[in-house]
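Some notes on the structure that comes next.
In order of appearance the chains are A, B, C and D, and numbering begins at 1 in each one.
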Amino acid sequence: MALLEVESIDVFYGDFQAIYGISLSVDEGETLAVIGANGAGKSTLLKTIAGLSRPSAGDVRFDGTSIATLPPHKRVPLGIALTPEGRRMFPSMTIEENLLVGAHKSRPGPWNLESVYATFPLLSDRRSRLANNASGGEQQAAAIGRALMCNPRLLLLDEVSLGLAPVVVEQIYASLPTITAQGTTVLVVEQDVMHALRVADRVQCLLEGRTVLEGTPAELTRDQIATAYFGI
Amino acid sequence: MEWANAVVQGLLLGGLYALLAAGLSLMFGVMRLVNLAHGALAIVAAYLGYVLVQNTGLPPFATIIVVIPVMAALGWVLQSTLLNTALNKQALAPILVTFGLAVILQNLMLQLFTADYRSIQVGDLAGASIQITPEIAIGVFPLITFIVGVIVIAALQQYLARTKTGRAMRATSDDREAATLMGIDNKRIYALATAIALAIVGVAGIFIGIKTQFNAYSGDTYLIFAFEAVIIGGLGSLWGTLAGGMILGVATTVGAQLFPSSGTLLADLVFLAILAFLPTGLFPKVVNG
Amino acid sequence: MSLALSDNTAGHRAQVHRSTRASLVGLVVAVIVVVSLAYGPFAFLTKGNQQNLTTLFIYIILGTMWNLLAGYAGMVSIGQQAFIGIGAYGIVYASDILGLGLWIGLALALVISGIVAYLVSFLAFRLSGGYFAIGTWVIAEVIYLLTTQINTLGAGAGISFTAFRGYKPEIRIAVVYWIALAAVVVAVAVTYLLLRSRLGAGFTAVRDDATAAATLGVNVTRSRRIAWVVAAMGCGLAGTLLAMTTLNVQPGSVFKIQWTAFMIFIVIIGGVGTIEGPIIGAIVFYALERYIGDVGFWYLVILGIIAIAMVLFLPKGLWGLISGNGRLRLFPTGYRLTSPLPTPIANGTPDSREGESS
Amino acid sequence: MSESQLLSVRGLSKKFGRVVTAEDVTFDVREGEAFGIVGPNGAGKSTLLNLIGGVIDPDAGSIEFGGRDITRLKAANRAKVGIARSFQIPRPFVDMTVFENVYVGSSFAGGTRGQHGYDRAYAALETTGLLGLAETPAGQLRLLDRKRLELARALATGPRLILLDEIAGGLTEKEIPPLIDTIRGLLASGVTVVWIEHIVHALVSVVDRLMCLAEGRILALGDPHEVMRSPEVIEVYLGTTFDIDEGRAS
């Protein structure tokens, strides 16, 4: 059964329409990658699922119930956690405090400080460092860890690779199987197509707010993806 | 040494200013709201203490047991209704609304208590002092004020650093939107911050009521001192606020010797000088969110 | 230097109108009102009327100045009482103590207000938003406290204004009334002309979006400073009128923050960001003060509640209601492009707009 | 430097902390040219635009404009020597009409007051197709017209160079062609355009030359279609080790 169903949503920022009738569904335990160039509406899609944006049309259902009008802080206890684009750490707090804030509305589950540090060993020695002084990779790992601290059923990852050195991106993606192994459903948004394809069970490509390509990584060809990506 | 005495008295006075400033700083830190009614609210608390002492015979310091919850409840209600609405309106709305609130409170108090000066009587304690050297005597009441100021600031600091809701408050201050993604209800956090701020102002109000004579308009001066302490100490730093309060306290007592008719002049000038030469305050916030 | 557009303009001369029928009617009505008010003391205005109107005129000036600051330049000051005090003390000092007489004294008081405002701006402009508001108040406190240190100005006790000594009371009241009438005309006219000038467009641009304004060449700090200095001089003018009406300047009275509270109430009630708003607001405020003022300080409590309600639920004020949200302008400051009319070819947009709504 | 170069960027570098956003960037833009810049997010495109516009100062390198060194010139003065820009998210003066918005540009940065300023504002509205909306309050415009207003205001300053920051972003498929027509109108009037854009097909259809940035460095520069087909550019967009067959095998 689908854990998350997004049904033909339109999303506006003021009069700027960022999403035109996108639909998708993610099954419990599945990993879906949404790819597309910047400006394609990927981040807006995740924000709408997390509750930071409201769809003007269409519906968002979680576990069969409509959540389209719930504010973000009421979605967390249901088990929806977003690692936002740009990481959005709390800069005046330490890495560990950031993780603890993530547990503000914690649900029962496997994730706690210990298991997060075990999954992201690079955080372990940095726990008392101010988030503002942490490196990009440390911040990204902490941002994912912070989202895990509430033990989400659905983890939304926005542009994990952005601005990070390839080796760091590798490290972070290497921890994703540990997360999905706990049964967590993951929806990942990426510009870096290769990484997205490696971890995803299914891929959906957006261009300027619409879905232009969909399939399993095995079905899609390089040319199809390049065409869908640039629209030329 | 008259001057040394003035400095010691000033340092102690700084505790009271810091108490006043802590609430202002907390509200600004958490929701970027400058509460122009802060001084008037301190006087509301002072009158509350005065009425309690007059009518129930409660010992002056014991009024805090009533004043703190009343002020906290007032803060919660004020934030949940008026101030949250103002924060969602145009940019100038919060300033104008809190200014309007100050005018309302002041004139309400004026109507209820007239313009006569009142004070909360503590009897012998008011004059009691500990002789340190032949020239310097420390008043018992100023000392209590200072200790309470330090304790409240330390407690607030610990609350923000160690507790779950304290962390949620700092997270909201750093990045409100990201905080909501952690399941934090920012309206509730705002109401809580204002409740705490007013509880602290409540304590400050009682001490003002005991320390000096006050009337409905006395809050203006205290709002200015609180604001100056926050700016001198640097936004977002509570210990900086305490230091700022102590600098102002010394400037006030020394200034009272220099200009007997305008006691606060030197403090204001010190503030303006710091503003001119150190625009981020003495203890600039280490990080900027 | 290639001016890319010079070719395109060859065929057209844009016609821009800066007044409307309503504004012409408004101008005529304003002239009639001012002329009859000026004639009033000879015919239908008693001494009491003249004194009351003088107070109203002071309120209109104060409202107009605070509106220029907050409504057009986006700066909320709660320290404008500083300049009221400087104006009041300035005219006493120049006219009486320096013996320069009423008129030079008046002019000098305005100049001093402007100079002090200019100097103070370098401190005050380091703060913004709510902290700018309290910062201006601190500055006003300092000016107040410094004044009380000056023995020549009567220190804490205040000082009498003697320039009118020898005038019969009814003459003095009428003269002050005429000066106040002239002052209100000048204050509104200067504000109006300032807002109609290129700078006025700059003010509005800075208020709406300072960054965008800067990239279009508007000097943001300079335009804010001009608004600040003009508003200070206007408040100084109101201060000189206060000295003329009370004949006795006391620091605790001219420097009290209630003046700024009045300004804010006037502007909020009348409507922020228009010339008409503060005039309407001053009339309403004066009427409320006069007719519900006898319930003691309750009237300020009621005014505070009204002001908060208006900020939250009627931000355009009474004039916003009367004018249908700005459609009626008696003092237009904008630019109406009236011709040449757009050609159908250039005018593709309304079609696509219809397409969108369908 | 040759006569026809309007903008010359030499060895421009900028770091924010440890993040390199521009490293030894060197290129020229010819007078009257349409010059496009692409690159993945974080490539340093906006930084480059801000460096040219004078919003930030470079750590090293120089910028010449019309033969004059402007490396240290402040943003407001760059507007006056003829560099205008549009914002990615339109920033209209919402309480003013469209005409008044544009008049701010012509009268302040453009330095043309009164009738001359009106005429120039009028011409800018005509070129950008906004004349029919001249009397509309800018706050009521829909997105395409807000984007046009950005162009019109920039144009009214009388620029030689206009910097466009993702001006097509957020527009519908139907709205992009009219915007492209407007930009062609600018070019026809003799203005030079430097345009950053994520919507590649819109950009490629207009620009004469295209530059691709990645991690602050120039990756490719030349004919737009060739740049977009080059393996380095595809790789930088689609991933560091993009190879679909390898991905399938693993």
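Quick note on the criterion: a residue touches a chain if its C-beta (ideal position, glycine included) is under 8 Å from a C-beta of that chain, and two chains touch if they have at least 3 such contacts.
In this text the structure is predicted, and so the values were computed from the model without any measurement.
*Asks:* What is the chain whose Cα centroid lies farthest from the Cα centroid of chain A?
*Replies:* Of all chains, C has its centre farthest from that of chain A.
*Asks:* Quick check: how many Å separate the C-alpha centres of chain B and chain D?
*Replies:* 50
*Asks:* Nearest whole angstrom, what separates the Cα centre of chain A from the Cα centre of chain B?
*Replies:* Distance between chain centres: 43 Å.
*Asks:* With centres defined as the mean C-alpha position, give me the chain A-chain C separation in Å.
*Replies:* Chain centroid spacing, chain A to chain C, equals 53 Å.
*Asks:* Which whole number of Å gives the spacing of the CA centres of chain B and chain C?
*Replies:* 34
*Asks:* What's the contact topology between the chains, one of line, ring, star, complete, other?
*Replies:* Per interface graph, the chains form a ring.
*Asks:* What chain pairs are in touch here?
*Replies:* A-B, A-D, B-C, C-D
*Asks:* Which residues, counting only chain C, touch chain B once they are in their complex?
*Replies:* 70, 74, 76, 78, 123, 126-127, 129-131, 133-135, 137-139, 141-142, 145-146, 148-149, 155-156, 257, 261, 264, 268, 296-298, 300-301, 303-305, 307-308, 311-312, 315
*Asks:* Which residues of chain A touch chain B once you look at their complex with the stated criterion?
*Replies:* 50-52, 71-74, 76-77, 81-82, 84, 88-93, 97, 100-102, 104-105, 130, 132, 146-147, 150
*Asks:* In their shared complex, at which residues does chain B touch chain A?
*Replies:* Counting only chain B, the residues touching chain A are 164, 167-168, 170-171, 173-175, 177-186, 236, 285-289.
*Asks:* For chain C, which residues are in contact with chain D within the complex?
*Replies:* The touching residues are 1-5, 7-9, 12-16, 198, 201-202, 204-205, 207-209, 211-219, 273, 334-337, 342-343, 346-350, 352-353, 355-356.
*Asks:* Over in the complex, which chain A residues touch chain D? Could you list them?
*Replies:* Residues in contact with chain D: 13-18, 20, 37-39, 135-136, 159, 162-163, 166, 169, 191-198, 208, 217-218, 220-222, 225-226, 229-232.
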